[in-house]
Amino acid sequence: MHIHPTDNPDMDTRIDSLGEAKIESPIINELNGSSIDIFKEDTDTILIELTPEKVADTINSGKTPASFELAGPRKKIFFDPSKLKCALVTCGGLCPGLNNIIRSVVLELYYSYGVRHIYGIRYGLQGFIPEYKHDVMELSPANVVDIHEMGGSILGSSRGPQDIETTVDCLERMNIGILFMIGGDGTLMAASKIEDTIRRRDLKISVIVIPKTIDNDIHMVSKSFGFDTAVDISTEAIKGAHKEAEGYPNGIGLIKLMGRYSGFIAATATLAQQDVNFVLIPEIDFDLEGKNGLLTKLEERLAQRKHAVILLAEGAGQKFFESRKIEYDPSGNIKLHDIGLFLKEKIQSYFEAKNMDIPLKYIDPSYMIRSLPANSNDHVFCTFLGRDAVHAGIAGKTNMIIGFWNDHFVHVPVPMTAGKRKQVSPGGKLWQTVLEATGQGSLVNS
Amino acid sequence: MHIHPTDNPDMDTRIDSLGEAKIESPIINELNGSSIDIFKEDTDTILIELTPEKVADTINSGKTPASFELAGPRKKIFFDPSKLKCALVTCGGLCPGLNNIIRSVVLELYYSYGVRHIYGIRYGLQGFIPEYKHDVMELSPANVVDIHEMGGSILGSSRGPQDIETTVDCLERMNIGILFMIGGDGTLMAASKIEDTIRRRDLKISVIVIPKTIDNDIHMVSKSFGFDTAVDISTEAIKGAHKEAEGYPNGIGLIKLMGRYSGFIAATATLAQQDVNFVLIPEIDFDLEGKNGLLTKLEERLAQRKHAVILLAEGAGQKFFESRKIEYDPSGNIKLHDIGLFLKEKIQSYFEAKNMDIPLKYIDPSYMIRSLPANSNDHVFCTFLGRDAVHAGIAGKTNMIIGFWNDHFVHVPVPMTAGKRKQVSPGGKLWQTVLEATGQGSLVNS
Amino acid sequence: MHIHPTDNPDMDTRIDSLGEAKIESPIINELNGSSIDIFKEDTDTILIELTPEKVADTINSGKTPASFELAGPRKKIFFDPSKLKCALVTCGGLCPGLNNIIRSVVLELYYSYGVRHIYGIRYGLQGFIPEYKHDVMELSPANVVDIHEMGGSILGSSRGPQDIETTVDCLERMNIGILFMIGGDGTLMAASKIEDTIRRRDLKISVIVIPKTIDNDIHMVSKSFGFDTAVDISTEAIKGAHKEAEGYPNGIGLIKLMGRYSGFIAATATLAQQDVNFVLIPEIDFDLEGKNGLLTKLEERLAQRKHAVILLAEGAGQKFFESRKIEYDPSGNIKLHDIGLFLKEKIQSYFEAKNMDIPLKYIDPSYMIRSLPANSNDHVFCTFLGRDAVHAGIAGKTNMIIGFWNDHFVHVPVPMTAGKRKQVSPGGKLWQTVLEATGQGSLVNS
Amino acid sequence: MHIHPTDNPDMDTRIDSLGEAKIESPIINELNGSSIDIFKEDTDTILIELTPEKVADTINSGKTPASFELAGPRKKIFFDPSKLKCALVTCGGLCPGLNNIIRSVVLELYYSYGVRHIYGIRYGLQGFIPEYKHDVMELSPANVVDIHEMGGSILGSSRGPQDIETTVDCLERMNIGILFMIGGDGTLMAASKIEDTIRRRDLKISVIVIPKTIDNDIHMVSKSFGFDTAVDISTEAIKGAHKEAEGYPNGIGLIKLMGRYSGFIAATATLAQQDVNFVLIPEIDFDLEGKNGLLTKLEERLAQRKHAVILLAEGAGQKFFESRKIEYDPSGNIKLHDIGLFLKEKIQSYFEAKNMDIPLKYIDPSYMIRSLPANSNDHVFCTFLGRDAVHAGIAGKTNMIIGFWNDHFVHVPVPMTAGKRKQVSPGGKLWQTVLEATGQGSLVNS
């Protein structure tokens, strides 16, 4: 097996492979009697950088500008579909679209390539570990065809790491050729370690990750599945908070949404339902007290308009907890302090001290959002992700994710994206438009 | 003005009146050239009791069985529409359908009767009190025609009583003929006192209440507006909780819904989305500990099925707080202790003590439900309620609510319903079907 | 077997029975250690008539006022659940709620009574006839638990009658004890004939019908399943038509809805989405030409408001086709002439003759409505209908439907309802409120 | 005024300008006390071509690869907001999102730049022509803030061209500085002519087009507003057709969707609701008769699966009407022959000839889709489009559209896109995935 050496230390986008793909793809390259060109070659790539000057500089300095391999079917495949066994696993928190991807992977394996042995690993990485005694689920078109109508994951999930050697033992024992992992940052880490162990044992197992993050914060991936659905449903919470706020004199609606390190959901939902007056996200600092602080600004808003809506990403304002001790959840993530309840109390005691009656309604819709079925947009997106994951895996590619960049589905090496994170840029179009839509201005004292 | 003496002490259903209605109704009693009989007489009534034996017994003993006046237009009206001024006020918590009723009252007054002076009192009973300085809102078809598309109340609301004399001063000063009050039990109490003051001052003001209770617990009213919408949306929370529970080994979904004293929403939502394993409502006792207690039953359920969904009405299990001191909210209601957070902690510590990892997701969608626009069913229902309220008020009736009984819109005297409450019957069809749907059985130790 | 003689020729509401119910019901009549009274007796009835005077007259003249048996579980049952075989069949056009009823019947038979042999007959009455070769579908909780999320009928349906003797042969051959039929007027006719044949052959087979009519026009049934969902979705078509009409100068939106002989859907949808200017239903005559005719009124409306929305029930205006020959569909119903396309052309040629450019948009959403999943309200309603059908059948009752009257689920004899029809009353509350909401007035020339 | 000469004849992407922008933008370029870089320069561009080889070739041959100017606020603006008057007009067929764009343009003009004179032109280009007597609508935040909740266009629309000189007379008379046109291909043509006339008269009027096409077929624009909503709602029609088809033996569901020349909606909806067996779009040929023809394939499908769903774009199969005469609609578009009704009849007569009873249900939801409010995704998209249109216009740019390319909002010259059209590529990812999802294969005889 060939592992690409790193010739561009900054950005190596080449995809690892299990070996030469020698088998003719069973996919038909013809329509209405004419041959059509549906196969992608590994040399079909798209530029990562879009700025003409930067690209020209790279080229003029004799280098090749970085580009991503396009996802899609290959003319030659590595695995023999009639003998191939595949496994799917969904890890971490629920996210709209999990079932859609399971469905898409299974249908593509079954109908396009003729693979007949597809196994669902139950309850995330736990499913690989014998002591949990979770059964394996056999997957076929018959039992996945309608699952996209339901939220959640038919395989179930779990948080936290599991022993890597035991996991690979299981893959070996089951004789798996391709492992499809659907999960977030922790899963990318696990995938990387599984990959290492597979390589060390010299096994012919491909690991393909379909990145999952309801926060839309995966590095080098412009859009992740479930995000559109999450924004869509978040608007219902905003509407509710707005009507509750408007409904009473000096009413306040306070909503907490997902967003541990990145405020994409909160910022986008603010644009999708423009009833929000203050949006607080992890990327943008804010003070509570003082002339510019949230509490003063809130009081001013109430004086002018008699109601206010505040939208929080769960990771906002963590600076207020700096003195408290750090705890970790089973996935190894730092446990966030609850900024929602914190703010609720701060606001209430601020106005109590001023003897103002402030009806504050607190809404936390997170678990109603995560468990929903994907909307149409995400369903289409998941269809492509799942099918491209199959094309990549069966062609013998490994240690990669299916990404989306410059409006194209692409192959991104796991090491390029794991452990990094996309964030809302303060000067960017999204946040600027949020500022225009809310009129909140600066919330920091100089 | 004639106030009916009470000839049947158990159930006096006669409606108070401001005096004889002498003006011809402007509503046209004709269609396609033929006269049609659209007017109701005060003698058009429906039986309250449906059991033939009981009705026969009453009749055979020479008495008249109790019946409700049918709502609807009267041939003669009391007020002269060209001179009439009306006021609307919405009180207490938000509920789907408030705007629909405002709209319906305004359109009926304006188009059917030609009333041109309709005032919206802002922020509930506060709007009558000068010191709050809430402006009055002039209402006309142009500014209400689309309000049913939005949740909340365009008038706003507030909780808690206000001074009755000051309120009636305001009605006098504004020269109001009909006051339409949309509110719950507290509003019925206030209406009763306003009525008394009006009578004492010998004013010609009609007070018509459209009863509002998202809990559907008004005595002698079989169905209240907003309830169908509330159930509808509650199913989304149940779906979410179910998928979150299924999504992890030993996952638990815990949902808290409205229902202070009556579990109609929780029970009906359980039938509307049959993913619930345990429903807890104020009317049905349950234990936590012991062989039949919820915690044991929950553990058994997890052992068998690996996940569970629990649905709570907010008023369930208040016995667990008996030792704590009683507090009151601004409306004078006893502040309920938070059974949701209480149960969440009890469950978590129970399983922690057993060293079991139990992913519990807690969902409280109340403020997303209360502030929603009414669904089609409630919109139609509110249309009838609002129009019948107008017919009653303009005919000079007073001290009454628009009720719904045996599938008919009826007039119910305020004293007959205020301060009483409908509850889920343990042996009735609703709860029995809930028990069949959940299989939860008894949760009380003998 | 006892067939009730007719002692009240006008209204015999007694229910036929297969014989004495001798077996103890397995349903537990106890909660939290106390016995609760969940069983209904056949003598538990509710009055049909609600007018006190009429009821008193009947009683005073020494007669018993007509009443319906209440639906619900009986203490003693006729069939031995361990040996019982049941069949379900869905007939005629699709209607939201079919799957909900199938689900509810199966769950009740299985869990409450322990019945293990439940068969789904495919494609309506065709499924009984060998030559069609439709397989029977075995039904159990596992394969019905999620079907209510989907529209349509998992059993499929078909139109038109089938041979009765062959049908009963099939029931005999399969050894069916209870046949649950879900269908409309044609199905009631078929049920009646099947019942006669069963009695003639002296078989112990119960026939229970759950009446289906998206038009809500079943005689002696105040509400039928699927109607609420149909109204709900119809509002989307009205919104669309309204926006299309408003969108262009002199724009017209024309919508055709269900309603062969009764305009309940069109009238109720008009109240649920009050954007309609003209509603045309089978019960209310209208002219096209002349001073009061629709075309003149439409022109006046356009002159005043620049747009108009017209809502048609499919059975409206059939008088315009009187000269054409009568055709029948496979169910034996008269084929309606297409009033929608007829009106579309009439309107267009009327305004063309006046040289007016009239952008008319025609919307027929019928097949998007019929095939939808039931909404929450209908799901709860279907849950009760299905469970009550089981209680009735297993108690040995037959030749009856599960009806809904005065807000209660009741048993109604098939002969009392078959072949009759409920209609919108011109002077009633529904149509009067429609006239107020549309302002359309009379559309007939004197 | 400077009009860029064409230095790259193939692709001139430079944007015309009314002159030098000399006024400081009032938009604040600072957050939380730090300056942030929110302004775009005209030299901030993105590459159009993403293939590294092609870009390298261009650069290595000494040329500059084509790129689009990025949309967004400019540091200097051309118009003085305090004196600026703006006009908005919506043209052609309705499309979800029209109101969102109107709202976004008005809010941006008003709040970000302080423009106080914003006029809505009623009923499309008709609104400029005195003889139609359509009033102008004054637009301000108060009357647009909630319009995105409604479908349609508050301005109304109309089809067809109007006299260009009269139109520009109106702009002159009203003293308009920026004209925002929201419309499709016909509007691009009109914009081009209006632009020419403005230049000829040497007026300082900017013309900014926000391209509207529910078919998503605008050349050089990767995604147009309303498309996501249209796909979303189309899935409801597919579900309905599927359930109706499944509901009867040999049932067929036939749906006609939008798509005059491009099948993007039909193809994408097929992936969003994967119940379709045959998709027919303008870009892909199909036969009716013969071994590979649709009718034969349909018969085979019915034999195997007993039901089928067919989804049509309105522009598919126009070859079957070649002998008929060509007609034009008021917009000057060729009137398409109705392939939906044509196919319906062909299918029915084909199976009638074979004596098969085929229940075919025909669904045309087009006017329910076009008039809907935009979903969240489209609302966010429209927010950006409207605001970027304002930034461009106020900076003095003209003769351009706000486009979307490689995931960025960009400026595209009108001449570059008018009169051209994007189509579904037979070998591309979309159509290939459709073929996999439907399994329909070739429908053309060799």
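Chains: A, B, C and D, in written order; residue numbering restarts at 1 for each.
One rule holds for everything that comes next: contacts are C-beta pairs under 8 Å (C-beta built on N, C-alpha and C of every residue); 3 or more make two chains touch, one makes a residue touch a chain.
Only a predicted model underlies this, so the values are computations on that prediction, with no experimental measurement involved.
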| item | value |
| --- | --- |
| Interface numbering overlap (same over half, different under half) for subunit B and subunit C | same |
| Chain whose mean Cα position lies farthest from subunit C | A |
| Averaged-CA centre spacing for the pair subunit B and subunit A, given as whole angstrom | 43 |
| Whole-Å separation of chain centres (CA-atom averages), subunit A against subunit C | 46 |
| Centre distance in Å when subunit B and subunit C are each reduced to the mean of their C-alpha atoms | 29 |
| Residue numbers of subunit A (touch at least two other chains) | 150 |
| Residues on subunit B engaged by subunit C in the complex (per definition of touch) | 30-33, 36-38, 45-47, 50-52, 55-56, 59-60, 64-65, 67, 72-73, 107-108, 111-112, 222, 228, 231-232, 235, 268-269, 271-274, 284-285, 375-377, 379-380, 383-384, 387, 406-409, 426-427, 429, 432-433, 435-437, 439, 442-444, 446 |
| Contacting residues of subunit A [partner subunit B, same complex] | 94, 123, 126, 132, 134, 150-153, 156-159, 236-237, 239-244, 246-249, 253, 330, 357, 359, 361-365, 367-372 |
